[in-house]
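There are two complexes below, and they share chain A, which is joined by chain B in the first and by chain C in the second.
Right after this comes the complex of A and B.
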């Protein structure tokens, strides 16, 4: 019995650290609607700075003072980030801020290694909380007890702050309806800045308090960020109590789950999230999102098919790309094939995100399923390449059909997180089911048949399929189905009033998008000759999001351009510099500030301005296919 | 161009002036891939190691009179990116062979690439048994002692312990799974009386150490096998120390004696764990002294195990090319099969039968000295003594 009590308390201690970080994220999202990907980075910087301070100043005062000072210092950095970066992009399309904070995260990961060196750092134990307390023969670390108390204390302080101060009233009001708060004359700028600072403070405090338990290292951010998002979503976005309950739920399920299934930790939080979201679409304590007041940006610049000149221009670009094998070497062609494949992947997500208004955070699942589909057919059934390429994506299609059915019942960030949960479940199956998928060692030897084995042939194959897919999806955008899908995106109520079955339309779009991603994955398996769980992983899903956002989510061609720019830049930087993350992150942040509508969105805006001031000329800006180099 | 290439290039330029030839076309290029951005704590010393080797080789006149150039790429910890890098090195840079990699799945991805493109690949670090056995191929060689070899070395010491109730803690991915599987198999062969009472599989990099420690303690084992490393190990050790998990229990642990993983533990270092590792401070052989002196002279830092791996990888590559007298892949394979060469750990041989080198590892016990973790009572285990019989290897490895 004592054991179960201790295990419960241990779970509570884990929950407390999770809650600190999650509450900050929840507050920030609630008020500013920013999906703060950099939250983990702030957590990590908090730990690093606290490490430096607590090493320098010894004693109880040095330790606790150092932890607090670190959290305050990071909060200041947060204020700076908010004022310099985020303030410029609050009016950008939804999720665009995700791109900016993603860029920041990349930069921070390289910066901490530059500043603090590559070694794992182990800090001091907390003065006064070094030992353990005996509980009927079981040991409970006293620091755990401290954390167990700290969690509810922070919860209480936050509750008082929100319920008993004017600032708290404003924050709650903004969480519910920020336009109304602005209309009432509240200075939103400073409200947002202060909220961001509080959120970042909590993240950094969470990081700093890990020093006595954890090692400080440069991958701490990724270790926590996804889990924290999941906790926030299970609890209900913007709900502090929800975040607390969810943190406890997840930690306790893990603490007891590993007694029965020792391998459960890898997937547990995602299972819980999927279950919660299917039953309660807005999390445990969340409320349905109020219908957002859309900025009229889309109606000002309505989508249109390409003009005759633009079509010719696109065709010319495609022809130039097709002539690449005449003058480029094998390496350039392989990179070209990879970019073409990522164009397929990006346009598939773009279709769902821009046309359907459904941002998937787990799109790699369908890409990876396509790849695994090919690998199973080629290695186990020994089917020829053509058959594999045709049938492999069906696995992505089936996955999209099943998961899409559940996912389209939700919307907004909840939709995104449910797709993430499904993707992680698929990933963990690929990771764990070693006898079938080979686990993380993957499936090797999926090389193309002889007709496609030469680098230039494969390049033409990838380019051709990418062109076909892009054209097909463009046709879909301007088909009656595309219009219906856009109607569900712009107003669910009105689209249903005119007789559109929104859920079915969205589900169909999800399946189309997933199948298309599967086609990309199928080609990718042949390009690389092997399939790994990575192909289903979070980082690939994030890559897809970044490509679409970079290109411009409110445009028709954003996915294509975003994929080309991001992938080419990524490959080139990784090859050329050791600080590829720093440079790439810096570049993304720059793009975010300079092109708040994405690359294509900004170019369209410029073209529009020029058209107004001068007679209309031919514009190649919206061409769907760029040369691959 | 990356900064360190400038640096290496500058070093070469100076050398080239001294030796008096500078024809770039005659350089021998080796392509090197590793997870520099993902695992800097291992790869930074590793990079220093191979840079030292390049410097020594060129100072001694290069390989058969030709200058050696190493072109290095980061794979970011992703198999697909490693293949992109491998392709760039082979197609664009025209390297004679590929070397490097850390993670097992990346090693396998590059090995499969090498097999497909008929390129020589010398895997430096990946520990998976598959790379030389079940998924072995003609083009791939591996330097470090494999999972099986390290498990066999630890079992030799562990089987002498009186403990009968064993629990295991290992990261939940291929490396952890196969380390536990081999250890259990070899251990149970030697000690049929052993019971396996609990196993914990925390996700790699995400251990929730409190509940894991508590769960293992509840099973009340007499001995524990640990396979976690890096930040996970730190968390496990800290929770284990506070909760008294290791008190009165024997612990056998993979890799923990390597400075990369032992040094961060400082005054938390548990006493008396049986570990594999690299006690650079207590190895007294002429070969190692020479390496240590050169390394410390160049970098003003002590070597980690990564330094040895990086150093010996490039030394081995150079020895293979020198013996082949050419950078023709088939000739290099013929030269590499059975080649013997000196290393800081003494002479090693790349076996013909499975392309595994006989580089060994040190097995010893952890201890604390002046608030720092050290390995004591360490002895070098030759890799050749811990491999299965040739007949068994024949069965494990597909025919070329």
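Right after this comes the complex of A and C.
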């Protein structure tokens, strides 16, 4: 019995830190509508700076002062980030801020290694809480008891801040309707900055307070950010009390899940998250969100099929790519195959996200399912490669059919979070169902058949399939179905009023998209010769998002271009420098700030300007476009 | 007019939210080719009525029949398939698509091509879309992104979209709200003309009494959820109960009728 009580208390102690970080994210999202991916990074910097300060300054004052100073310092960094970066992109397309904050996260991951080194850092114990308390023969660290008390105290302080101060009232008002608050003469800029500062402070404090419990390391940001997303979704976006309850719930699920259901301990929280999202999409303590005001004057370049010239150009590019084996070595061809596969992956997400307006945060699930599908068929059933390639993606298709059915009932951030939960469920299964999937060791020895075994043959195969998939999806974009899908993206109300079953259209798109991702995954399994849980992990899902956003989410070709640029740059940087994440992150941030419409969007803009500045008829290129009707 | 069949029959429509009776026992009917105005002060239950007619909202009791077929309990998309077009009080269009594409989507849906993944949508019903746009005077705007349009043009586009499935009945919720006076007259004149030509029944709500009295064949008046008057424009204008409601707001007087002339 005592053991279970101690386990419960340990869960509560873990909840404190999680609550701090989650409440910060929740507040920031509530007001600015930004899903701050860098929140984990701020948490991590908080821990690192606190480590340095508490090592430098001794005594109780040195420790507690150091923790507090670290949180304040990170809050200042947060203010800087908000003013320099986020302010410029509040009006960028939805989720674009996610790309910007993701870029920051990449940069921070390299920066902390650069400054503090790659090794785990073990901080000192908290003065006054070094010992343990005996509880019926079980030891509880007294620092855990301190954290257990701290959680509700912070909750109380935040509650007072939001209920009793003018600033709190403004924040709550802005959470409901920020345009109205701005119309009432409140300086929105500073409100946003201060909210961001408070949110980041909480994240950094959460990180700083972890040092007596956990080692500080440079991957702690990704680990916490997933958990924080879970907490915020279960509790309800924008709800502080919800964040607290959900933090406790998640921490206890983690603490007891490992005892009671050791086989499915990881999956448990995500199952709960998915269940909450399906039954109460706005979370346990959240409120159904009023539809956000559409930015007036929102205009997107009308989408049109490629002109004859552009088709020829694309074909020429494809031919050049096909001639690569004539002059490039094996390494370049392997890289080329990988890029081709990621083009498939990116265009599959693009179809769902740009055409359907449904940004999946867990698209790697269907990529990975395709890969596992191939691995199962090849290793267990011993089927030939061509059969595996045809049937493997069906696993992705089935996953998309099941998960998609639930996911399309939601929209916006809730859709994103539910797809994330589903992806983590699939990942957990792959990770923990060792007898079938091999767990962390994966499934090895998935080699291509002899006809595709040579590097150049495989490259042609990957390139050919990528071209076919891209063309097929492009045709779909300009098919009647594509129009219907875009219609549901623009206005569900109007779609239903002209006889369109919006959910069914979106579900169909989800299945198409998932199956396509599965095709990419199937090829990937043969390229690598193995399948690992990472193939359906969160970082791969983020990669897909970044590729689409980088290329331009409002464009038709964004997926292809984004995938090529991102993947090529990524591989090249890794080979050139140890600080590849720093450079890549910086590049992404730059793109976000300078070219918020993505690469293709920027090119379109340039082409448009050139057409306008030149007198009609003078530009040969412009002619066919203008006479397209 | 009396030979035209009853197109829409509404019987005892009732809806309450909590303790508030938004609509109480409303019954009326509409014939093909007839233009019926539903008027009443703010909060009278006009929009609730409307939403129940096209399935956006479900009544607590009462029934709605279209050419004898029950529509109560059906979804908006199914009611649309029965031949009911609708425009919204706040326009709902596909903002990132062009004007022509907006109409094409409705035509694609009408032609049951929604799950066609292979065809070339830009060429689907292109002529028909152009014809509908010409009809509402938007022919010159076909390639403009819908998000660029002025509000009055959006209203006209909505009309073109609503006409895409050869509707038997048009439901127009404040079709001229937010438009300039001259645009209002033009749009309603156009609607009336189309309705007469194609024998479409039109039910519309409107605050502008000029528009109502000029174009409606018949008027029904709603106040606090109940139907208080029904008749020709002249009859409704002479109805003391209606006058009491509107005179209290200073909206209706003999001679020139101006909306919001309370100042």
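Please note the rule applied: the second predicted complex is superposed on the first by the 596 of 629 C-alpha atoms of A that agree within 3 Å, B and C clash if a C-alpha of one lies under 4 Å from a C-alpha of the other, contacts with A are read in each partner's own complex, and residues count from 1 in each chain.
Simple rule for what comes next: contacts are C-beta pairs under 8 Å (C-beta built on N, C-alpha and C of every residue); 3 or more make two chains touch, one makes a residue touch a chain.
These numbers come from a predicted model, not from an experiment.
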Which superposed partner A:497 touches (first chain B, second chain C, both, neither): second
Which of chain B and chain C A:486 touches, first, second, both or neither: second
First, second, both or neither for A:302, with chain B first and chain C second: second
Touched partner set for A:475, first chain B, second chain C, both or neither: second
Touching partner for A:38 - first (chain B), second (chain C), both, neither: neither
On chain A, the residue positions that both chain B and chain C contact, one per complex: none
Of chain C, residues touching chain A in the complex: 54, 75-78, 80-81, 86, 88, 92-98, 101, 104-106, 108-110, 113-122, 124, 142-143, 145, 147-148, 161, 164-165
In the complex with chain A, residue positions of chain B that touch it: 1-4, 36-38, 40-41, 43-44, 73-74, 76, 78-81, 83-85, 87-88, 91-92, 104-105, 108-109, 112-113, 115-116, 128, 130, 135, 172-174, 177, 198-203, 205-206, 208-212, 214-215, 217-218, 230-231, 234-235, 238-239, 242-244, 260, 263-266, 268
Contact footprint of chain B on chain A as seen in their complex: 3, 6-7, 10-11, 13-14, 109-110, 113, 118-122, 130-132, 138-141, 143-144, 212-215, 217-220, 223, 227, 251, 254-255, 258-259, 262-263, 265-266, 329-332, 334-335, 338, 431-432, 434, 439-442, 444-445, 447, 455, 524, 528-530, 532, 534-535, 539, 571, 574-578, 580-581
Chain C-facing residues of chain A, complex: 294, 297-305, 475-476, 478-484, 486-487, 489-491, 493-501, 505, 508, 554, 629
